[in-house]
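Think of it as A, B and C in the order they're written, each chain with its own count starting at 1.
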């Protein structure tokens, strides 16, 4: 396997909370397997908030779901591994995954409107897993639900604890989901575009809540988004994905943003609207990565070390052509 | 909830009136004169005229209609020509067996369908799935009276586990008598219920809320019960609601196969005796029963789905 | 929407087409084969048997299957094979014909109701509510009683009840199509209303009704044989599967299972074939959309 990625994992050392190691996921379409993730490797340490950015279809969410064992039926992990605090999660048929979900790794989904059970009161949904683990009774569980709701900034939790999801606003639902996700005090939290479905003002509030939780829980975060401003605000490290591969990642987010190496990263950064100067369009693909069936099935080139804790994939000729023009325009 | 209920009940008023009107119209669509039909072709005209007068058939149609509707309003369903008694008293003793039959059939259909649908949803696409699907296809094409006859032949005539026919006199006899008939009727509903529940369970299992429940570390059992089954039960209830017509029609057929003294046998007796008021009243009560069960379904729906209740 | 679900969506439909595509055609083909054979048997009944279905032969009652009597004879010495063939004739003919009228009436009423809305729609749908409040069997049996026995009254009874289902299905479809750009274009183009409804709307909405018609034939067979099982509708001496089952039932105890089971199998196999056709058609139409 590639030297660089092997070294990257080794470098992570003992303080690594989550290590995704050369993870490959394939999709079965018309009886043929297509590569959806190609050797994705990344590490998240305790207290670190890593941003995972890319266009839709680039494989960000698939990375999270694969690591959580929540892939839809058509997708499956074909090779590679996911380690949590050093122990492998994918090798024992889901046993250790099931044990780690909630307490070890938890996840906040994109759409609270569909990720909450419509026929269960929100208070109960927040605490059902922790109450089950700790053998709590109804009363104790309810009290903890109210406590968690206060913690995630729901005003007047007594009033909402017995409500059903459809009675809540979008922002409140997202807070409920976050409360449910942190109920078992996870050491690692996956965020799958948790603010995309929300209003801008609510987005800011939720982001603030995440910052507070990061301080309170000292958990690791892996934060998937296509919104670079969110990354700049919340994350300290960054991985960039394109078409199922990581094309560039760095432990120093600021350094990478200042001088991106891969043409795609450059194009992506250039596409962020700025107050000064003309906004440059993301050329190549405007909103989403090429469909699976149109991607190269060859494994991509392995990442090369750019600097300490900074890797980038060597760009192919096509990629340079595709992105450079737009980036420079 | 109370407002929801009131609204549902008010909506039913025009349907109930329409159903009553339709039953009245049906009986007057009959070719020929009920009195002549009843007395036979060779009856003397005076006797026919007397009977026509007795049944109010000599009055203008609108009058008969008003009489009929007025009678219904005070619970008068008319008199049986054959039994020479008030139909309402005759029906009162025949309603309970039918209600019990329908209730037990519903229970059986749930008890059969839920585990099978669950099993199918878990094993998706496997041999179980194929097996249950073929069973469904065959069950749907099997005449209900044949199912009943086969069950009688096997479990009553050969194994002597259950009575061949009738209703018995004690509660335990009633239940024993109703097991095979209600099982037969249940088999009519089961295919629909299995298909619907299986789909609903698959949808629930693939849903984002089940993914999230897994992500937050909830145990399998709780996910199945509180997430998958609880959501699928809403679909189940609406299917039971839609199939209530089959339930009532099935009772009509199966009561006659098992000679259970219920509404279905009463209606058939009315047909055999050419007892028009009895047929009319039984059909009407069957329809009212269906409307009533629709209402119950709505209530159950409200209980299971908070989105409906609180709207 | 999440990325994972986007991918499944992109992947999903293709998979379904390819994997169950073959199965769907198998369903349709198998169904057509079964129903085709049954229909052929009914049509060519006189060529397939040398016995009359109603002639009694008291020298040969309750015989088992043999070369002279393929399926044996009943308690009156009538040839079972002939009775199955001729019984299928009347049952299938009636079940199919009794679908035609409701299909046409229901489709027309539903299309008009969905297209125009307004008071016409309100009245039609209230009538529909009232008719469906009656259990199908209760209403059909009562109507056959009122009209008297015979093929015509079964046909009338079923038609009065079943148009409602078609009207509801077609109305729901018409409501969707009414507001499409295609319909707007026709209206703007000055095409007459009647022409729009019957030349453009109906062809677009009728497919669901046709799929439903398959299960409706199954329901009709069910109610026809049930009626004749109870001695109503088609009455002796006309042979039909329902009365055959009624005649055969007492001999169950004596071990002459065939007398009831064979006509029952005829009903089950025919219904099974029709259901397969219905499923197959539904799948074909679903892909076409």
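Here is the rule we go by: a residue touches a chain if its C-beta (ideal position, glycine included) is under 8 Å from a C-beta of that chain, and two chains touch if they have at least 3 such contacts.
In this text, all values refer to a predicted model and were calculated from it rather than measured experimentally.
Write down the chain pair with more C-beta contact pairs when B-C is set against A-B.
Contact tally favours B-C.
Farthest chain from chain C, comparing Cα centres?
A
Chain A to chain B: how many Å between their CA centres?
53
Distance from the CA centroid of chain B to that of chain C, rounded to the nearest Å?
Going by mean C-alpha positions, chain B sits 22 Å from chain C.
What positions in chain A touch 2 or more of the other chains?
65, 70, 72-73, 109, 111
Which residues does chain C have that touch at least 2 chains other than itself?
2, 5
Provide the list of chain B residues touching at least two other chains, using ranges where the numbers run on.
208
Could you pull out which chain B residues touch chain A in their complex?
Touching chain A: residues 206-209, 211-219, 222, 226-227, 230-231, 234, 304-307, 310 of chain B.
Taking the touch rule as given, give the residues of chain B at its contact with chain C in the complex, in rising order.
14-15, 18-19, 21-22, 26-27, 29-31, 137-138, 140-146, 149, 153, 157, 208, 245-250, 252-253, 256, 267-268, 271, 279, 282-283, 286-287, 290-291
For chain C, which residues count as touching chain B in their complex?
Residue list for chain C touching chain B: 2, 5, 126-127, 129-139, 141-143, 145-148, 218, 221-222, 225-226, 229-230, 232, 242, 245, 249, 252-253, 260, 264, 267-272, 274-276.
Enumerate the contact residues on chain A facing chain B in the complex.
The contact residues of chain A facing chain B are 65, 68-70, 72-73, 98, 101-103, 106-107, 109, 111, 114-120, 128-129, 132-133, 164, 166-167, 177, 180-181, 183-184, 190.
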